[in-house]
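This report refers to the structure that appears directly beneath it.
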Amino acid sequence: MKMKPVEILLLLLCLNVAVFGVIGNPPTCPADIDSKCGDSGEWEGEFFPGIPKIKYEGPTSKNPLAFKWYNADEEILGKKMKDWLRFSVAFWHTFRGTGGDPFGAPTKNWPWEDGTNSVAMAKRRMRANFEFINKLGVDRWCFHDRDIAPDGKTIEESNSNLDEVVALAKELQGTKIRPLWGTAQLFVHPRYMHGGATSPELHVYAYAAAQVKKAMEVTHYLGGENYVFWGGREGYQSLLNTDMGRELDHMGRFLQGAVAYKKKIGFNGTLLIEPKPQEPTKHQYDWDAATTANFLRKYGLIGEFKLNIECNHATLSGHSCHHDLETARLDGLLGNIDANTGDPQTGWDTDQFLTDIGEATLVMLSVVRNGGLAPGGFNFDAKLRRESTDVEDLFIAHILGMDTLARGLRNVAKIIEDGSLAELVRKRYQSFDTEIGAQIEAGKADFEFLEKKAIEWGEPKVPSAKQELAEMIFQSAL
Amino acid sequence: MKMKPVEILLLLLCLNVAVFGVIGNPPTCPADIDSKCGDSGEWEGEFFPGIPKIKYEGPTSKNPLAFKWYNADEEILGKKMKDWLRFSVAFWHTFRGTGGDPFGAPTKNWPWEDGTNSVAMAKRRMRANFEFINKLGVDRWCFHDRDIAPDGKTIEESNSNLDEVVALAKELQGTKIRPLWGTAQLFVHPRYMHGGATSPELHVYAYAAAQVKKAMEVTHYLGGENYVFWGGREGYQSLLNTDMGRELDHMGRFLQGAVAYKKKIGFNGTLLIEPKPQEPTKHQYDWDAATTANFLRKYGLIGEFKLNIECNHATLSGHSCHHDLETARLDGLLGNIDANTGDPQTGWDTDQFLTDIGEATLVMLSVVRNGGLAPGGFNFDAKLRRESTDVEDLFIAHILGMDTLARGLRNVAKIIEDGSLAELVRKRYQSFDTEIGAQIEAGKADFEFLEKKAIEWGEPKVPSAKQELAEMIFQSAL
Amino acid sequence: MKMKPVEILLLLLCLNVAVFGVIGNPPTCPADIDSKCGDSGEWEGEFFPGIPKIKYEGPTSKNPLAFKWYNADEEILGKKMKDWLRFSVAFWHTFRGTGGDPFGAPTKNWPWEDGTNSVAMAKRRMRANFEFINKLGVDRWCFHDRDIAPDGKTIEESNSNLDEVVALAKELQGTKIRPLWGTAQLFVHPRYMHGGATSPELHVYAYAAAQVKKAMEVTHYLGGENYVFWGGREGYQSLLNTDMGRELDHMGRFLQGAVAYKKKIGFNGTLLIEPKPQEPTKHQYDWDAATTANFLRKYGLIGEFKLNIECNHATLSGHSCHHDLETARLDGLLGNIDANTGDPQTGWDTDQFLTDIGEATLVMLSVVRNGGLAPGGFNFDAKLRRESTDVEDLFIAHILGMDTLARGLRNVAKIIEDGSLAELVRKRYQSFDTEIGAQIEAGKADFEFLEKKAIEWGEPKVPSAKQELAEMIFQSAL
Amino acid sequence: MKMKPVEILLLLLCLNVAVFGVIGNPPTCPADIDSKCGDSGEWEGEFFPGIPKIKYEGPTSKNPLAFKWYNADEEILGKKMKDWLRFSVAFWHTFRGTGGDPFGAPTKNWPWEDGTNSVAMAKRRMRANFEFINKLGVDRWCFHDRDIAPDGKTIEESNSNLDEVVALAKELQGTKIRPLWGTAQLFVHPRYMHGGATSPELHVYAYAAAQVKKAMEVTHYLGGENYVFWGGREGYQSLLNTDMGRELDHMGRFLQGAVAYKKKIGFNGTLLIEPKPQEPTKHQYDWDAATTANFLRKYGLIGEFKLNIECNHATLSGHSCHHDLETARLDGLLGNIDANTGDPQTGWDTDQFLTDIGEATLVMLSVVRNGGLAPGGFNFDAKLRRESTDVEDLFIAHILGMDTLARGLRNVAKIIEDGSLAELVRKRYQSFDTEIGAQIEAGKADFEFLEKKAIEWGEPKVPSAKQELAEMIFQSAL
């Protein structure tokens, strides 16, 4: 039995959507939600009627729907908080997250959903998105192509669906809101089961190229500031049936093609790669920051891409989030952060909102050292827990995530103003702030010279690393 | 918007089923598969037409559709291989596995599926199941209630659906085939999102009890040899919002209720608990064999249950599979094995077919020491990789899994016949095979006596543990 | 070549001690530290001359040698901080930690050490210990027998060494200071390489019993409040050469012997077992709280022991520290806490001082729910990093660890006073605070009754788990 | 108190050596082992008197002191087994491994050891090494400078000690035996506690350069085929007190210096870096193959170094050993293998001898694809378990490790001769063996062309990955 395109369409909808009503020809405003629809069939009034515009009320507030630490226009370390943080809402988690997991059906039952994956539904969802963004008070959003508009039977139909939704998004963006980044979702459809750019099937490679091409165009059209590659299934399940060398070469060619196309269409945003070590594959090629940097160097792409570091991906690869941020930063590659966190005892990507104040402070330390992230920012690649099913939970979670990073930023300001942590580090390395130190750092001290000096100097004195003192200073800023 | 029961029904189907055709009123034999359907609308002929009855051809065979090591009636260590191994096919993985994962849509496209979750489809699938079992040459199968028959709008309707499918299963079982075990699936439906027996909602607790009651009846009716509890969502995502003590007490009461009901209906099969450390929750209450044994002791259930040890669960909890098998065995609790394996570098349950010969040999060592598993056996709680999409892959995977355990059993026979490993162990402990050793082991040697002896004996001689020699002996049997 | 006892003695010293001076007949006050020794050969003056008595200066203090959060006599939640926290200094880490690791030699160079493991050195070290304790302002200490006094050629000599040092310790304790607990160190000496109570060698089993007997006597003599069993090598490296069942039975007998001896000598302190999953062995028998509880139940020891939970051990076993504390608490077994932390990315026991405020708050939540830990307390089973080599680092680390837990306690007070977290949890379970809920909890609701109710009630309503809100409330207390 | 050089010397000896006798002026042949010493004070006769030259006896042999699979001169896949495998004995594990671990004193009691770290002892140990190598029948050994000769009070004295021992080694090597590689041990001495090349102390950097310089000279003098850098402590414990960027720059300069010096002295061996993710530090800079490749590219060292992949390090970094070998191979960097294995449930480096046949087959698959490893080879960076204390255990362990890899090689030959696995892989990628495939692989297919094609081709057909079949084929070769 061969699957027909419409079947694939229906099949896809199952992954992300609860099938509430009759499937076939859903009205713009389906029977179930009639009371919220006007004569035009369009949803009327607010999507989040009980939720006010979120305001800053300061640390003593007990109001779950207020910021306690994030005060957008307050200046910290010479910049407004909103300019350090450049928050973005992730469309897929917030508006396409259904609560489904490998062992369970969807749990979310958002009032605006009619159970279809139609273009009309996509447009209603987009309106909800912008109301959410506006109420939350952020200026950016991120999207996957297939999550904002339904797949069609053909590439042309998919593109046309996308165009229709994107036109609405452009209108709703207004003058202030822009995509932090867009991307192509190359992992849900079964055609991508072996990867996109690294699929052993040439037709899939071409299909992936066509999809990325369109997603880049759309991101450009919407004024997106960056474009992201997350290699959803670029990796392997088993080396026994995989030609890893050939797949990596294909991936190199694919990204070279993306660079060429970016230039052709005049897109000036940053191209970003998002490392992840595992899941869904056993081994994702963009394992971590260093692995990805090695790939970029090998394939002549090092000046063309930056990295989008996700905290939960960093920890799954065995590093602290701070480590992978610093690794990216020192290679000149820190471009964006997917702000989330994992569970320290859990071996998969839980994509939780970051709530750890110490962690947030370390993240912001890297950001401040990097002089900020612009044109990148913080994308909330974080989802409500499956069991959190109230509409207000969407706001509570984002407020918590924003406040945590804002609190981290405030802590960094305290650490910098206090100065003692930087001084402790400076002192540790001061023996290199000397003439011979400079020679070594300039590559002018050969082994013979160094041996002579070592003999002359005798047994080195090696002072305490003062790690506990450093931890004490750090903690006192929290 | 409230969800109507039919919506829930449809919603559920999305988790496990590819939606191929028009949804609404699927014919018994839908348009897409017309050619295989007769006038009655029933599927005609074989489901696996190209696949022969699988035969034993011995180790030199290159035929992927033949056994190389499993020879059902061959005697090993005094029993037929089939009596040591008591293989069972897991209905859910083999017939409801769709290839969906958290990042991707279903990939399997089995010819007998019509994209619905109807009773008619359930029955056709059941016929496929028994053809599969018969061709594979095993005598047992395992099932979840909701996977063999569709959920209804009410408990009564669900029960009635189940009864209809179970009646067919009973007929198809014939005289030889029986369920190794049945179970209730208490984790897919959103009502169970906080757990079943440990849900904070009393109504859910009652619903779970009703479902387990029925599943026990059905298992009994089909001649099932055991009944399993896998606490799909009995655990927590966060301790902050959880009353763990109260939840554990509820779980204790629930299992006490199951024991009482088992006795009431005269079901003589073994009740089994299947430990798993994590996933879908951050912490599952039945973490591992020892944790579950502690629970059983605490709640007065120690004589009433045995354990169903799953290798992939054991390794996720930080133990080798062999360790958890031995822990269960030494506590008198080894009742059944879910035969699969994980990926040593992967932090989630991959449910792969076991292919590691050394691992299989250790597993069989525990089984032989246990005198076999009966009335338990080996259930293939293992699934095809998402990217394996040929019908024949279902057979290849099961043949590989069966051959691997058969090879393990043959190796154990070699180890036992050789005797040198057992002798090495015996010698290590021989100082306790003495009069004072016996006193100690009988609890008759107090600290004062032992101190006196220790002073008398002086510095103990402590010989080599000979671990490398033990490994050498073990390897030479592989 | 047979090793002579004196050789063993010297050999042992190498593990823990830097060999500074001439080895053989070290003077009470060796040449190298002459200037600090009076005519008597005894160390004169302070061991920590630059360090004042540590005082509480409040959160704004920048003084590394002051408490910012721990104010011993301040009342929190109805008790003095010191009575909630009952801090103890671990002799072995603080005074026998050398900075040696598997890849490196000792790095600590404490001025009072003369490089020997003599009784004289042991006594000088004990004086340093009590000066440290007094300056830090705690009332408790913990010790291993072989770390406070040198091993002798025979049990009698070892005991006599121990007696001599313990007599001094008793004098130095004065009226206020007592051991939180003592223990026998059964893992350093090669005789214990296969374990103590679980060694396959009967003579080792007896030796271990003799050593524990003496350590219990000495703990009792010093007024110790508890006695701890940490099964340093009670476990296995490989199951291939191990009779796990026999070893566990021996361990059961051994602990039964300890209980009997405790009663015989009238020691009223609590016996504690300290779970640890791995290291030095691949598998330690006391894996985690639940495993140990299962063991205690199986061997009839459940009323006789409590648990000493170590945070770093909990996380190595795959649990959060809070989880294992709650598991112990709910089983009535929470007796003591080894206060430390691990590195979330590191697979071995790093024994770091706890500095994470969120973690400390969760730890204190368990302690407060337990009504405190007395007669147990918090033992700092934490060590300076190898690279921290200043004497003041010992103080800084302890102050940081004490302040972190004190801060945790203050946060718990805020959470309890605020009340909204408890209220959120209470509400989640309120459906059980009903008549039928009470019936279920009393074990009076059988499956038939529950089925009847479930049918009557129809589809359950399942509210949001509000996890993000719970996290928000929790974070706002930090 | 300042440490005197002699104290450091003594201190160091404690890490690796059991202190048996009187320390001070050990005679060449100490009192304890008098009976084995002649008038010259030199050890007479064999070190391993009961051990024959190890011979190949074939798979049916039960003799622990014979090879069952390794037949040095047998040809497999066109080369002698010894030329594929190029085995090397690691001096440090085999002759300096004491059985000490973080919780325990040394356990090995080799008859030739006198408890000192003297030059005389070093020379006797070297004789034992060569007898061992000869009896085992291998042609290579590997060494750390400080493990073959004692540290002196000054660089000059250390160098002079080294020269004396090396002269003997050269003589004992004869015409056939050569070092596979040498290295400088920059991690045991406290001066290296913050690293060598990455120490914040300039004097330590110089000291490290002097030590590496000498070790390179010595390796060259002995005819070593490679020189290895294992960055024992090149990494960090905490980022709070670390300037990672500056440290990495220093490491780059250091390795550039090594390259220059290599050329200067005319050493033509390969320089190798050995990746390791963690331990002793929380984060080692040479984390894994990809991280190290990125470093080499960044610092202009990519043509100058290859990698020494250690299986246990690979798995600790989250990869399979096969993955890291393939990663190195595909980057042209596979230079040598440290043949060992870890425990899949253990989070630290256990350095066990490889015994897993499947793993060994995968390792050999990479080696065969690489055309062998020469001038690299297989170094047994593996140690006896602490509890294995018989001299014969040293032989048993090496025989087991050699046989396992030999068995892997034989399996690879079967896989290659069978051909079906390679064919399965070839077929998966055959859509790229076309004109358009070639265009893509040559970088000549831009996104617009690919989009045109994708539209033209329609929905791609995506066949099964046949992973289970691949596993079946693989297993049948074992």
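By written order: A, B, C and D. Residues from 1 in each chain.
Here, contacts are C-beta pairs under 8 Å (C-beta built on N, C-alpha and C of every residue); 3 or more make two chains touch, one makes a residue touch a chain.
The chain list, named the UniProt way, goes like this: A, B, C, D = Xylose isomerase.
The structure displayed is predicted, hence computed values, not measured ones.
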{"item": "Pair joined by more contacting C-beta pairs (A-B or A-C)", "value": "A-B"}
{"item": "Pair from B-D, C-D or A-D with over half of its contact pairs in common with B-C", "value": "A-D"}
{"item": "Distance from subunit C to subunit A - Cα centre to Cα centre, in angstrom", "value": "41"}
{"item": "Centre-of-Cα separation between subunit B and subunit A, whole angstrom", "value": "37"}
{"item": "Touching two or more other chains - residues of subunit C", "value": "190, 193-194, 237-238, 278, 283, 318-320, 345, 385, 387, 389, 462-463, 465-467, 471, 474"}
{"item": "Of all residues in subunit B, those that touch subunit C in their complex", "value": "5, 8, 154-156, 190-191, 193-194, 199-207, 209-210, 212-214, 237-246, 248-250, 253, 256-258, 260-261, 277-278, 283, 287-288, 290-291, 293-295, 297-298, 317-320, 322-323, 326, 330-331, 362, 421, 424-425, 428-429, 431-432, 434, 436-437, 440-441, 443, 445-448, 450-451, 453-455, 457-463, 465-467, 470-471, 474"}
{"item": "Interface residues, subunit B side, partner subunit D - complex", "value": "59, 62, 64, 68, 315, 318-320, 344-345, 353, 355-358, 384-385, 387-390, 393, 396-397, 399-400, 403-404, 418, 420, 462-469, 471-472, 474-476, 478"}
{"item": "Subunit B contact footprint on subunit A (complex, rising order)", "value": "1, 3, 7, 10-15, 17-24, 32-33, 99-107, 109, 111, 115, 187-190, 192-194, 232-233, 237-238, 278-280, 282-283, 316, 343, 345-348, 350, 385-387, 389"}
